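Listed next: structures, encoded as structure tokens.
Both complexes shown next keep subunit A, but they swap its partner, so subunit B is in the first and subunit C is in the second.
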Partner chain A sequence: AAAAGGLRRAGWRLWRGGRGGGRCQLSPPHRTLQASAVLRRVSDEQKEPLASSSQQQFDSHPTNHQPEQEPQGSRPSYTGQGGQESEDFESEEQLQHRILTAALEFVPEHGWTAEAIAEGAKSLGLSAAAAGMFHSDGSELILHFMSQCNTKLSELLEQEQKLVQLGEAEKKPTDQFLRDAVQARLRMLIPYIEKWPQALSILLLPHNIPSSLNLLTSMIDDIWHYAGDQSTDFNWYTRRAVLTGIYNTTELVMMQDSSPDFEDTWRFLENRVADAMNMGNTANQVQSTGEAVVQGLMGAAVTVSN
Partner chain B sequence: PAGGVSLRRCSTRVSLEDVNRPVIDRIIRVDHAGEYGANRIYAGQMAVLGRSSVGPVIQQMWNQEKDHLKKFNELMVAYRVRPTVLLPFWNVAGFVLGAGSALLGKKGAMACTVAVEESISDHYNSQIRTLMEEDPEKYKELLEVIKQFRDDEREHHDIGLEHDAEAAPAYSVLKTAIQLGCKAAIYLSERI
Partner chain C sequence: GDIAFRFINYVRSVRERQLQRKLRHHQNLSWQEIAESYQEDKSKSLGDSQVVVCDINKEMLKVGKQKAQHLGYSEGLSWVLGNAEELPFDDDKFDVYTIAFGIRNVTRIDLALQEAYRVLKPGGRFLCLEFSQVSNSLLSRLYDLYSFQVIPVLGEVIAGDWKSYQYLVESIRRFPPQEEFKAMIEDAGFFKVDYQNLNSGIVAIHSGFKL
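This part shows the complex of A and B:
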């Protein structure tokens, strides 16, 4: 019974991917649908022999299935071929999320491509045709990765902030905070650094620019938010623009860097952040000087008129 | 503090997960821009009429606007809303409008006040309606603030009328022109 249940779940998952795709009326998921429908028909007719082979497949990825069942609460009930979808099952989005996360492991070898996604799907026990759910240029994989990195960064900064609030850590000066945050975020690229230039060029494609810009701006906003930025005037924009420039240039330097543990990159970052801080101070000095000059002129005008 | 960043207290954090972000973003951004503009308008009026008989009245209204702006600065940080890009423009435009209307005389300044405050209170009223339709419980604090400010602006409007705004030169033309400008400012600040 458990074996059959395992097979049903594996087939159900594939089928779900196809069914979910059916909403968008795309042809690739239909291939998946047909393939998995065949699988299920066969499975229903010959439960015993197939159950054992799928059980192996099921067993080889217990960790993949277990964590997913836990959050769902009650176990999904299979209501037969062509039955209604169970409410507790994972959504298409969650499935795509899982496939992309699994695909990251194959990026160093295959690059940010549909091949990596296919490998990822296969590693989860799904058909390689599941890669048809995504664009052929690997955009979603890159955006998924960026989004994951941003989330990790937010959590990291949130934890740091909690420590400071609890008094267990010193509050960092702004320049050090920015340096550490950018470095932490860039370090997440290190496992994929060989293929990252490819990713950057894909992100510059017109159809990707809105999403990649969105992810970039929300990351920069997060960093400034945790740095304690409370500006409500044009400074809000200036600070974010400056930090975006620092992040992008440091990222490019990192692509070319061959020093041990990217020392050169971090030194570059330190210098850019220092420049930015100086710029802020210089702007203030210019303003004070300007005000002093104006007052001097007013005084001179009053004196002359008297 | 010039150049430095101050430590944010835990209490100013608002739970951002369940608020309707697009709606709240717009509301806070445009209200912040509005209070900023109102501040500059009164600053312009004071620059011209500061030493006249209506000086104290304008100063009083200006002080209330300063409080309003302070409140919206806090809300902006708490809800992590970005300010409108047009702030430097409203800075200048507000001051020019205030000074320009004051150059038409005390009644001119009062007419400008009446026009602007009427626009603003209508605008706050529609925001209150929006928030009430969304979820009065969830946005209770924000609703309190906007209701209070709407009452303040209405009061300014009435003060303007008391000080012979309607006797200003070309009152109806002036009022219509200023209110059109306010509508455009509101439209732009919500989006940009």
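This part shows the complex of A and C:
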């Protein structure tokens, strides 16, 4: 009985990863075919983007009809060895992503809370209880939003780079590049700006700091990468620290800004970037002045000793 | 019944909070409107939420109803006689299914899990509170000692019923451990199945979602 149970479980998992409908065959015939209704939809929608080889085999199979007459034995042949487990997790995660994306709509009204996630779930036709899958402080929603923004920013910068490579656009000087990149990223906050302070405070909670820091640093990395930063020395750290500082302070200023289209914020940003550029020059100047002073002192010492 | 009462309290408190939030935004309500909103509150403090309490034993249902009346819970509660292995409900009806210290007594646990899956809406959550295996070996020995030496004796002394309490303790031991029960829940079709040990495993809460 245990072996049969185990086999059933394995077989069912295989099938679940696929079209999801045939599970009914494992259970008493009077059960309905509602099983995995949501996940099935997910795997249908994701048919094109998913490039895994096991998925390719599925394309030929009927999707929404439950083939009652399909023999049990043929099921194990559908998925590859490694394919089944990862497909299950993909489906769950994809569903979670969909719920979070849908929940973003409700943020202006409910804030970054589990209630917004519940509304998002309801809008997808799921019970509000599905919000229980996520952390109760709404942090996953915020992190999801941030990572979406970062992805959008990367794509934007990628496109701009392509244009420059194709010769259709001028390569921007570093300070303008930084200004535009930070502005583009901060503009994505505008629809949610009223509740963003709440988000920032949630992100500062100890258990959220690793993830939010991670997202922040990877975004800063991206921007410098597209700005053409090739440094492999200590500069790498200073550049990131400087840009992180600029980004965070500008974000905070934006929270308080009430000027039309956030003009004050962009002016603040301009000044900070200019400061940073100057700081680089000043550092060089200080270094060369320092070297000159040292040489002068050495000369004086030599002269004195003679 | 107890979980039903807690749920009702929770729903009421959430709605109160929501109402307070709404009122805070509307600065200039007339007295008429305020009075209306409070009246509305009285008559449907639960909104659309409903709780159905189901048990296989009519006597237990009677006890539950009496307790509800005694504590003042009247609206939003229904009491249904039913078997967990074959629930008298339609598919996709409920947002949450909870069972506390009950699934141990079901003959075919897998059928009960399948029924739970059936009656839950997509996105719905299954929650089960049940005795489970203790992980800590020292505590486990103390617990065994207490279970087999003390509980039946107390049962005999207080309720005059040694056998029932012997059954209780034995059924606790026969129930599958946390991981195995988790696998059974996954078998029934639930996703994101997880459990939380209370009192280092004497009791565990298992949770799963119908996705």
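Following the convention adopted for this analysis, the second predicted complex is superposed on the first by the 207 of 306 C-alpha atoms of A that agree within 3 Å, B and C clash if a C-alpha of one lies under 4 Å from a C-alpha of the other, contacts with A are read in each partner's own complex, and residues count from 1 in each chain.
One rule holds for everything that comes next: a contact is a pair of C-beta atoms (placed from the backbone, for glycine too) under 8 Å apart; a residue touches a chain by one contact, two chains touch by 3 or more.
Treat the numbers as computed from the prediction; the structure is a model and nothing was measured.
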Once chain A of both complexes is superposed, is A:Thr232 in touch with subunit B (first), subunit C (second), both, or neither?
first
Counting only touches as set out at the top, which of subunit B and subunit C does A:Glu92 meet: first, second, both, neither?
second
Does subunit B (first) or subunit C (second) touch A:Ala184, or do both, or does neither?
neither
Touch test for A:Leu252: subunit B only (first), subunit C only (second), both, or neither?
neither
Quick one: is A:Gln165 in contact with subunit B, with subunit C, with both, or with neither? Answer first, second, both or neither.
first
Just to be sure I read the superposition right, which of the two partners does A:Ala130 touch: subunit B = first, subunit C = second, or both, or neither?
second
Of subunit B and subunit C, which one touches more residues of subunit A?
C
Once the shared chain is lined up, is A:Ala121 touching subunit B (first), subunit C (second), both, or neither of them?
second
Tell me which partner A:Leu200 touches in the superposition: subunit B (first), subunit C (second), both or neither.
neither
Considering only touches as defined above, state whether A:Leu156 meets subunit B (first), subunit C (second), both or neither.
neither
Give the list of subunit A residues in touch with subunit C in this complex.
5, 8-9, 12, 23, 27, 31-32, 34-39, 92, 95, 121, 124-130, 132-133
Subunit B residues within the subunit A interface of the complex:
2-8, 10, 32, 72-73, 76-77, 80, 82-83, 85, 87-88
Going by the contact rule at the top, pick out the subunit C residues touching subunit A in the complex.
91-92, 95-96, 114, 117-118, 120-125, 183, 186-187, 189, 191-192, 207, 209, 211
Could you list, by residue number, the parts of subunit A that touch subunit B in their complex?
165, 171, 174, 221, 225, 227-230, 232-234, 236-237, 280-281, 284
